[in-house]
Amino acid sequence: MSDADDTEIPETEGELDAEPESRDSPAEEAAKTTPKSLPLRVNNLRKEFGGITAVDGATFSVEEGSLTGLIGPNGAGKSTTFNCITGVHEPTSGSVHFRDEEITGESPHRIAQRGLVRTFQIARELEEMTVLENMMLAPGGQSGESATRSVLPGLRSGVVAEEESVRERAWETLEFFEIDHLAQELAGNLSGGQRKLLELARALMTDPDVMLLDEPFAGVNPTLEEKLLDRIHELRESEGLTFLLVEHDMDLIMENCEHVIVMHQGRVLDEGPPEQITQNEEVIEAYLGGTV
Amino acid sequence: MTGASADARLPDDEAGLLSVRSLDAGYGDLQVLSGVDLDVRDGEYVTIVGPNGAGKSTVMKSVFGLTDYMDGTITFGDTAIHGWNPEDIIHEGLGYVPQNENVFAGLSVRENLEMGAYILDDVPEERLRDVFDRFPILEERQEQTAGSLSGGQQQMLAMGRALMLDPDLLMLDEPSAGLAPDLVADMFDRIDRINDDGTSILMVEQNAKEALRRCDRGYVLVQGENRYMDDGDTLLDDEEVRQDFLGG
Amino acid sequence: MGIETNGQSALERGVAFAKSGPGGALVAGFGAFLLVDLILKLAGVGVSVNLATLPVVSDVPVVGDLSGGIGGAIPFGQFSSYVWNGLVIGLVIGLASIGLSLTYSILNFANFAHGDYLTTGAFSGWAVTYVIAGFGGLDLVNLVLLRTPPGDAGANLWLSPLAVFLGLAVSILATLLFALAIDRVVYRPIRDADGISLLIASVGVAFALRYLISLVFGNSRRIVTSTERLPSFDLVQVVVGFAETVADVAPAFLVDLFPSVLVPSNAGALIVNAHEVTLIVIAVLLMLGLHVLLQRTKLGKAMRAMADNRDLARVTGIPTERVITTTWVIGAGLTGAAGFLLVLSQGGLGFTTGWRLLLLIFAAVIMGGIGSIYGAIAGGLVIGLASRVSLVWLQGDWSAFARPTAFLLMILILLFRPSGIFSGVKTT
Amino acid sequence: MSENETPSLLRQVVRNDAFKVAALFAGIWLLFYALSAFLEYPTYGVVATIRRVTFLSAVYAIAVLALNIQWGYTGLFNIGVAGFMAVGAYTTVILSADPGGVPPGLGLPLPVGVLGGILAAVVIGLVAALPALRLDADYLAIVTVAFSEIIRLTLNSPVLIDITGGASGFDNLPTSPVQTLLLTDPGSIISEPTALGSFVFGLGEPLDLTRIVMINIVYTLGVLVVLLFVYLLLERAGKSPFGRVLKAIREDEVAAQSLGKNTQSFKVRAFALGCGLMGLAGILWYAMGPRASVVPTNFRPELTFYIFIALIIGGSGSNVGSIIGGAVFASLLYEAPPILSDVVVKLLADYNVALPSAPDNVVTTVSTGDPLAIVAFLLANIDTLRFMFMGALLVLLVQYKPDGILGDRTETAAAVSLSEESRPANANAGGDSDE
Amino acid sequence: SSNGGGDDGTTTSSGGTTTSSSARTLKQGVLLPTTGGLADLGVPINNGAILPRILLEGETDFTLDFSEQDTQTDANAAQSAAQTLRNSGYPAVTGAASSEVTIAVANNVFIPSGMVGCSPASTSPAITDLEDSGLIYRTPPTDALQGEVLAQVAMERLDASTAATMYVNNSYGQLLSQSFATAFQNAGGEMLQQVSFQKAQSSYTSRLSQALSDDPGVVIVIGYPESGKQLFRDFYTDFDSDVPILVTDGLRSASLPSDVGNDMSNVTGTAPLAAGPGTEYFTEQFQSEFGNEPGVFTSQAFDATAVCLLANAAAGENSGAAIAQEMQAVANPGGEEVLPSTLAEGLDMAASGTEIQYKGASSAVDFDENGDLKAATYEYFGFESGGGIRTIDEIQFTA
């Protein structure tokens, strides 16, 4: 079978699946031409670096409210795909749609503001800022980000009120991630794992719609990892968040993702429910080896 | 309770290749480790596990002279190496793969491997061959700059670089982080084999179950102090250890 | 070793550059225009063009005689003297840039004291040359402090070649020793500090060193080389002689097209003296020597590895302190030599000599791409030539804009190639 | 646990920033009072010395504050400060100078000129920034310093002599605003004073302070008020979400972007704000007041480095530190050494130690072996020594006090307190806050 | 360069052993360049300026309180130094030398503080127009005159019909170049390039090649020794050394040929000459005190200090305004003649209210309403091959 077939089918399937869900709000549905159920669609994405093709025509989409796994051997192009989606790299060709709008080549901050937020495979902390400051930075649309507002006497009280609520949320989130004892610590002094936690917590502070997580659990203690996963599921249920997760831990993928996309050499090799994926000979050969 | 041993110190006559005694170390004024004991006997395969921020990486860095040494002793073979420079320590036969930023991003893959053998006069071709055999992708990407490799590829390169010197003791800080499952298994197999060939291993892993399963002995480190020390399997079976550190 | 581009020829890159946007096209167009203008000027052809109709030029401030039309006349001798002087100063900048570029990438900071290292080399070297050349009969204190009139001391290549070469050697040695001492006292205790802290420390070093030199040698500029009996010759005559030979055999239409290039009627003169020639020879020799050194040893790679990640370099067994020492030895040594040679060719020396050159050195390093040795040399030449050849257009009062032009060129290059011309080109 | 460990009242007061600044200024005044009194300066000399130190401290502080918002907060390593100060000063004088003078000005009212100067600095800052802000820190540094040299050399060039006055500077300075305030004919110092003028000059009479001294004092007080205003402005801007984004950019721009911050816009705003304030510092310092002189050599790169040294002394990232750094640099490092050298000479003379006239070079000096000759030589070269000392101090600061003399002041970038106490009450309950 | 020792500090030389009750302290500042671009000329000028104090020592009841400050030939440094003089109460100052420095110091310190400044060396015509409330004086003539003298020399002695100038990019260079150009053109000459240059550059080759590009009959070089050395060195290295060159007062430095390493036989120049009634006495005293020939502007410096001291004595108080009132009175014709050799008596006379007129070492010192001189003598000079200056001719000039 060809790649094209492979990738076309799930997309239509996804659309079909989504139909019933979006029916419970007819007004909304009328307003949108495409069902809202595929918040993120990547079409024929290519990215070349010099002579190397890191992503080679990847096409896939992510369902609303899902926890979708993105797996593939090292160097398959997963991180690069993330970078292209989030504007860190400009794709060589292809398109990315978020909530039916094309966002290909938009700047990273615009994309993040739309609610499509990512974490980095290697955590990027604001090292000379405290953990709490890191957290409070994240929420979007803070009126105090306007210099005039935070300076002018009349307008500042509004900023202060807003800050108080942001601070409260930051504390809550830190508590959940069990790094509240580090709130006053400079982020630069955190250990590798602690940084990962902070990165995830901070991304959540932006109130994202869809989150792209690049190996968020690498280096995280298993006990904590389980907690985090619980939280992710919780967020999906309570706030309808959508997750696209790059992860190498197949057990984790099998247990938690309802949908998995397998990348290999820059293409989507297969996608479907985990059980189906693990049956695919090609996938086994390219990625899983004999281990699963 | 099956009771993993909480006594971290091996009897002195058993202390082997690497022996850390009552080590205090940290960064600047911040003391991270207090009174850490650790031993690796000749040919032994030792794993350190523990929560994030426990100081596992710090132990390794301290052995390699990259932290601010405060107190205690570190002996390797018969030589006390605490307070030494890393570039001297490597001559003693220690190899080290750090947790982060463990390749020279601006150098090509091949140059990275050559750097691994820097202290030798010539690049040992047979070891290079050996590394390429283990990680064929590296041979393919010889001329690519290491910084543009994928995370997993970089991890392989870092391993490869440390193997270039055929060290007596190889210290690996989370070697499986970010590796695809087949490679994780492969990596652990490789490490086993390296160990079988007589190289002692000291490893930090978050993939704790797998690591403890494979190692001879394990340490659990919490908040900069030894918590447990015992055979890998004993630790794996210990209810408390499982609950608190291995995710049930 | 060897220069390795990303498989693109210079031409391809030039075209890509021009295509890179309207800004790129404008700059490329302006550059092409200047080139044509230069050729016409050299040929002595003036073409009257109403510049207002040329979109590229109409909003460019009136520069020199460019307003009247393109072309015009510029004596070949004058043009070639611009090129020659640009070459001379470019090599000095290039030599000094190597050191700055190396310490920049390996120690990871922009050394603002680098210019003062150059001054150190110049003063120490010339003090020795003076003492040797003027030994006996003259007051030693005045000789050491370079206060004897140059005519009396008789310091030049012809009268006292030994003194000059010993001075050169001392300039290298003294500068590198100074640099090592400063490294030990200032930088080593803060080796792991971030680049900006080190930069600031280097500003401190720059102040202290510069005014120390001023305290010892005084704060006035002086001339130290003598030109007495110094061999010199007219390079234009040499070229003209050659051109006449060519004209005899060249096709007639060529001779018609470029009359004054091939058989210049008033070619002017380009007097070149032995000091300038020596500068060029020694600078090129030093550069070649460095090339060979880096090629033959693994030093080059070790330097790059350190530039990348010092901690990792240490755990890999690279003796980082030794590499740093070597870096200073090479960088400061070449810089000291650059200072000495600069004075050899220009004669003048003051305690701000190097400081004034520093920004041009930085411009060269940045143009070449930080860390690239060949880039630094090329950057030096570009900067040197730009600051002199621009005088073709910057006539009269406009000549004060030669230095700004060099800076502007640097800024432009950064805009289009943010990591330097030679980025993506490997050094070793 | 340790909540009842309230610091004593005294310590609270001492920690208070306002107290620190006030104490510093009082200390500086006392010191210079003592020095100039010891040198038996006439009263107006003592007053003028103190005033001058105050003035310089204040203008330095403003320039340092401006740099702090760019570098301390945003990490924009601008070493073209002098250039932006030049733009401010030149624009103001060109706008407000007498059209009849040489070089001619536009004759606009001074407030318009000042505003224009600040705006021009902002605009030139933007011209420099829009391309340069895309570059890495080091490159930005080189581009800005190159820019400031381009500005200076352009102002210096003979081509623009009819506009800028070329190398000898813009001579035709507008009348000082204080004179406008205090005199009926601002152009003439001996003209009839205004009501306010009579009052102010009256204040000076008991001490025999001439009009010009009083005018300069008033101007200096005005600069202090501007300083306070600039400080409050930046303090508020820093302690707000705005400042927080700036700090985030300093730390990791890509991370800030992926959290949805339009970093380019923030950088441009911070850079423009800083440049405008640098322009203001340039105006207050050079375009009006007692130090007025609009000459290209005022704006050499050295000036930028002085401001940097001041920032380092105070501790980059801290607004109060910026003020303290500016004052310490201007008074203790810049102004004090020459006076101190006079003091030493006088002290020696008082003890009947006759200083020999200094040998004219270091070699001869040392070879005499005469300590007095060495002292004489050093005193004669006090200016040179001052710069060496500055350099050495800078190195020592980086080595031992990299966060400035105030120590590490990680000023929280938030409009509210972020201390442990700020934690919501329910929080201490424990980790698992399952809903 | 030499730094005059404790000179930067305050030196007080108290007069005779008996201090009569009428004896006051005369405070006098000296603000001249002993380092920087004008160091070569500035050190002897500074010596000239303090010579009155040395000569008066023990000869008068007045206590002489001199403070010497170095301008470093830099406007900023000079302003700081001037402020120090003001703050420590010096009402009158001999200085500065470079015109641009004098203008800056006058505008920013002397005039606003009501101090008297008398420059011994600044010749720029711009100084004439300073709005100085009668506070700023000078003892050399303005370059409005020197420009004409230069033009005359260029045409008549050097037979040049075309000329180019190279001038230091400051008030001195610009205006002298202009003044020459006007005079030269009025006399029928053709002006080619006027090339400005900056001080203390590392090379002047490109400027030289511009100035020489149209083959001028003579090149006028206006600058200070520090840059002049480099400029001439570049000239002799890279250009045809037969072109006649005219320099001005700023390059009248005896050590120029040996510093350049050439005998400079193609170079001549003009400079204000010392031609007052007291010239001889001054020259003798200067030689015996400092061991070398007085140089350009040294006698002017002596006169500047002398006039200030006399005015101070006449004013009866160390007040700038009072001294300014007396400057013309003590210098201009009318009253008892005071010469450099009778300075001590002159002080007493001035103090006692006797009308005096000072006739100095450089000229009769007769100030017009702008504080400029009314008449002047110029010297046409050349360089001796072994170093030293040779006066070729004297040129009288009366405006």
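We call the chains A, B, C, D and E, going by the order they appear; numbering starts again at 1 in every chain.
Convention: a residue touches a chain if its C-beta (ideal position, glycine included) is under 8 Å from a C-beta of that chain, and two chains touch if they have at least 3 such contacts.
In this text the structure is predicted, and so the values were computed from the model without any measurement.
Asks: To get from chain D to chain E along touching chains, fewest steps?
Replies: Contact-graph shortest path, chain D to chain E, evaluates to 1.
Asks: Identify the chains in contact with chain B as well as chain D, in label order.
Replies: Both chain B and chain D are touched by A, C, going by the contact rule given at the top.
Asks: Provide the C-alpha centroid distance between chain C and chain E, rounded to the nearest whole angstrom.
Replies: Chain centroid spacing, chain C to chain E, equals 39 Å.
Asks: Cα centroid separation between chain B and chain E, in whole Å?
Replies: Inter-chain centre distance comes to 79 Å.
Asks: Which whole number of Å gives the spacing of the CA centres of chain B and chain C?
Replies: Computed value for the inter-centroid distance: 49 Å.
Asks: How many Å are there between the centre of chain C and the centre of chain D, using C-alpha atoms for each centre?
Replies: 35
Asks: On chain E, where are the residues touching two or more other chains?
Replies: 1, 72, 169, 196, 198 - these are the residues of chain E that touch more than one other chain.
Asks: Can you list the chain D residues in contact with two or more other chains?
Replies: Chain D, residues with two or more chain partners: 156, 158, 361, 381.
Asks: List, in ascending order, every residue of chain B touching at least 2 other chains.
Replies: none
Asks: Chain D touches which residues of chain E in the complex?
Replies: Within the complex, chain E contacts chain D at residues 1-10, 70, 72, 74-77, 79-80, 83-84, 86-89, 100, 103-104, 107-108, 112-114, 126, 169-171, 174, 196, 198.
Asks: Under the definition above, what is the set of chain C residues touching chain E in their complex?
Replies: Touching chain E: residues 75, 78, 81-82, 85, 89, 149-152, 218-223, 225-228, 230, 232, 269, 271, 273, 342, 346-348, 350, 352-353, 356-357, 388, 391, 395-397, 399-400, 402 of chain C.
Asks: Sort out for me which residues of chain A touch chain B in the complex.
Replies: Against chain B, chain A makes touches at 49, 52, 71-76, 78-79, 121-122, 189-194, 196-197, 215, 218-226, 248-250, 287-292.
Asks: With touch defined as at the start, can you tell me which chain E residues reach chain C in the complex?
Replies: For this pair, the touching residues of chain E are 1, 35-37, 39-40, 72, 169, 193-196, 198, 200, 202-203, 205-207, 209-210, 213, 226-227, 229-230, 233-234, 236-240, 255, 257-262, 387.
Asks: Would you tell me which residues of chain D are touching chain A in their complex?
Replies: 233, 236-237, 239-245, 247-248, 250-252, 254-263, 266, 269, 273, 410, 412-416, 418-420, 422-424, 427, 431, 433, 435
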